[in-house]
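Below is one structure, written out as structure tokens; comments come after it.
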Amino acid sequence: MKERVDMTILSVKEIALDTMEMTLHHPYIAAAAKPGQFLYVLAEGHTLRRPISIASIDSEQETVTILFKIIGDGTRCLARLKPGMTLDTVGPSGNGFALQETSLQTALLIGGGIGVPPLYGLAHALHEQGVNVKTILGFQSKAHVFYKERFERIGQTYVVTDDGSLGHHGLVTDIVDEAGEFDYYFSCGPVPMLKAVTHQLQDQPGSISLEERMGCGTGACLACMIRDDSASGYKKICSDGPVFGANGVIL
Amino acid sequence: MKERVDMTILSVKEIALDTMEMTLHHPYIAAAAKPGQFLYVLAEGHTLRRPISIASIDSEQETVTILFKIIGDGTRCLARLKPGMTLDTVGPSGNGFALQETSLQTALLIGGGIGVPPLYGLAHALHEQGVNVKTILGFQSKAHVFYKERFERIGQTYVVTDDGSLGHHGLVTDIVDEAGEFDYYFSCGPVPMLKAVTHQLQDQPGSISLEERMGCGTGACLACMIRDDSASGYKKICSDGPVFGANGVIL
Amino acid sequence: MTNLAVDLPGLRLKNPVMPASGCFGFGREYSDFYDLNKLGAVIMKAATGEARLGNATPRVAETASGMLNAIGLQNPGVEQIIASEVSFLEGYHVPVVANVAGSTIQEYVTVAEAFNKTPSVSALELNISCPNVKEGGIQFGSDPDMAAKVTEHVKAVSHLPVYVKLSPNTSDIVAMAKAVEQAGADGLSMINTLTGMQIHLASQKPTLANKTGGLSGQAIKPVAIRMIYAVKPHISIPIIGMGGIAEAEDVLEFMLAGASAVAVGTANFTNPYTCPEMINRLPGVLQQYGYESVQDAIGRGHNE
Amino acid sequence: MTNLAVDLPGLRLKNPVMPASGCFGFGREYSDFYDLNKLGAVIMKAATGEARLGNATPRVAETASGMLNAIGLQNPGVEQIIASEVSFLEGYHVPVVANVAGSTIQEYVTVAEAFNKTPSVSALELNISCPNVKEGGIQFGSDPDMAAKVTEHVKAVSHLPVYVKLSPNTSDIVAMAKAVEQAGADGLSMINTLTGMQIHLASQKPTLANKTGGLSGQAIKPVAIRMIYAVKPHISIPIIGMGGIAEAEDVLEFMLAGASAVAVGTANFTNPYTCPEMINRLPGVLQQYGYESVQDAIGRGHNE
């Protein structure tokens, strides 16, 4: 069950170009959070909260870590926060990746840009379950790359960049064949990437995590709907998602 | 000439109920400021600046001190600022008390509530010029009283409170006769008080400092006008004032 | 003891605070955060005759002290709402207000009739001011004659009190208010959203897929206060005030302007606990400014 | 090199940024802060036939991301303005736009005639949208026929180009725009303030002595953008955009919506250096979003 809490900021640092890592302390959130869920955080002076994925969870330290890219006013404001201050958060929000249901051997994770963070917590959790994790990470350029070494510690990791400044020059989809066999895939990133990925892997089971502009972040306002084939014709990303079966929604 | 500067906050403390004292460092402002002028300060997230009088000036330390009462969102926001932070200020704004023109022996200062601060810097300056300064200070209650001892160090000081919890129980005007002879008076406080004071002292020369809600704070928008007998029929408090001859404007 | 109760046509409110239509769904989601029994009433999301899927996304954008939305009246249709949503709200002791929308007068009438057959609905709010649909909605709300017509037709089939929700996108709000009172409205809801737009610089396109959206939140409070203050002396039916309410102080400001109760929309998004926190603080705020009851404050900003 | 220049009827602007009428007086005060030659043009405070003292104080109030004002057209009268204010502005190399107001059509005509005899005035801005005076102002601005009539009369006596300043307090801004274009307007200024009110809790009265005031500042930007975007495809005269502009990014947003130049009002109060800072940043912002000139960006938000 999500709650509104003030999380204590333990650290804030820039880990790649315009990309911040923030570690937050809160016993309840750290205990309840699952990979793929998000925090719905308030940047002071703003009307709408910002959804930011939980990138990793440390239940012993009672912390969660988020990674975010500075793209506008809200994230700029978050980046200015200092350790010791608090962050007004509604969380853990949404439904995370379904881990227990998948008794899998090898998982392929495909992340693009700021879609990478939720995959890190997932990779970690899968790895702990003994799953063989392979990851393809796409970034704009070398300067934007983060968490490469961390993923490498978990399993085979491919990096691609739009400009070729690090790893393969091109798109994540270029690498999928090279990455070889897997039982299940997980993907998170911009919609064009997700479209390409789900198209390429249409015959494989997988999950994707979606983004949309949100109002309430809790399922009440219908701002964040995505069409599907169900009777109602839609799902709500904030409360039914953000994780969906790869072929369960109409991108 | 006023400028827009970022002043460094050296200290913020509560000196009476809901009343804050803030000392700010800035070489230019400290050099240029005169008693009776104000700082036009920006509270973050606000559209309009807040006018706050300069209460005292320390030209050696290059600081000025302001005193303000927390009455709404803007002053609440200012009260939360911490030493080391900066305050976005346009100043020194307006015209201060005319000191040089008055070759006086004894001055009577009459201040009410948050109209007291500008009189402190004035008292100090007059005292340094060798003028005998007598002061009548009115406050809501004992809890609201501030700077009593400082004024007492400068000259004879009478305190009145609305509820009688300190000093005389009543109004500043009750004490004016008791305070005895003076050549010139200076008054600052709420308009009803200023009306009473200027009426009671209509045959005496004096200056008053006025308040009004401001837009530009610089004379351009005409938000802060006060009627007078001049050809144009008005004066602007932010740029022609806030100090006016006691009988020069129509309260 | 400060008395928060207000009696309005069809609505005995234990306090004057209710969530605004469309900002609270049918209550389910917020019931995870707090006990809905704390609320004065619940105003449900708009219902239309049939299910609607609404507009394409993005449907919301943030603006200075506000937001734009273009949900487009997405809802499962009136029958489904009665079957699964009203029944959920029956579990609480709060009056339920049904927000009624449509593309034609007939659709408004059909929806109104359905809610009239639902005992747990206490009042109707006629949404003639939705700026985010191509047909109906604001069309009815920008012309006093049309507004009167739809009000009359709904009143003709409704034993439930009818509150007509006015649009601020008009040059003469008083004329609109008078027209719907004349047509039989039992109360007014003011205001719906102002039509607005944001252009996304990187994509060179409006941020919202629908291009325009409704502006809500604190940014519009001065417009709401002004319209309620302007309308109040000209009508004798009560006003439910809304538009930018975020604090208990705002509730009092709306009361002084002439509202008898208030609805809170956008502020629920900023803080899901806005309504109960506001209700808790309201007695203190009323006392601070010298009121012993909510009733006492209504319209007091009109005293000279 | 990013080209900031824009050519409008009567106005060769080296950059598209000018201070908005009423928020900059006649330039004197801001000339203490910076060199007025940096500006694209200066739009002067409204002029009427005779001197006016305006409304009682308080005349301004702060709102969420905005402010209310009810100055009430205080000004020394057109002759005095020409004698002492225009002559001051002649010392700078910036086009001067005169904002023309009045209680009657005859007063508008008188003021327009006087400015037409003043060589250093480059254009007129017809203020038919001031919400803060009892007569004239917004009366002319809320009815398309009246707006057309005052435009025609002023055009008949004016060799200077006439920009008509529209009020957002209308349900049909496109009709207003078309009516004044038809009547001969050379350009539009959009938008003036939205009518609003604030009630002061402690005094139980409206904060402003005039009760209502005009809402300006960032809060109203979405309304301005939407109105400019709505009007643009229906007219062929240029639009000077305004309403909540505070950053160079806002200038671009207005251009994309369809404005050819912009005016900055309230933001001057928050930061007296807003205009020159915005002008300095504008080339960088245009480049960031792929534009080589201001001209390039105008109306580009309409591309599909």
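As written, the chain order gives the labels A, B, C and D, with residue 1 at the start of each chain.
Operating definition for what follows: a contact is a pair of C-beta atoms (placed from the backbone, for glycine too) under 8 Å apart; a residue touches a chain by one contact, two chains touch by 3 or more.
Predicted model only: the values in this text are computed from it and were never measured.
Chains that touch both chain C and chain D: there are none. Across the assembly, the mean Cα position most removed from that of chain D is the one of A.
Rounded to a whole number, the gap between the C-alpha centres of chain A and chain C is 36 angstrom. In whole angstrom, the spacing between the mean C-alpha positions of chain A and chain B is 55.
Mean C-alpha positions place chain A and chain D at a centre distance of 46 Å. Touching of two or more other chains is recorded for no residue of chain B.
Shared interface positions of chain C, i.e. residues touching 2 or more other chains, are given as 63, 65-66, 217-218.
On the side of chain D, the complex with chain B involves touching residues 22-25, 28-30, 32-33, 45, 51, 53-54, 57-63, 65-67, 69, 71, 74, 76, 207, 217-218, 266, 268-273. Listing the residues of chain C that touch chain D in their complex gives 63-66, 68, 142, 169-172, 194-199, 201-202, 204-206, 211-212, 215, 217-223, 225-226, 229-230, 244, 249, 252-253, 256-257, 289, 300-301, 303. Put simply, chain A touches chain C in their complex at residues 1-4, 42, 46-49, 74, 90, 212-227, 232-234, 239.
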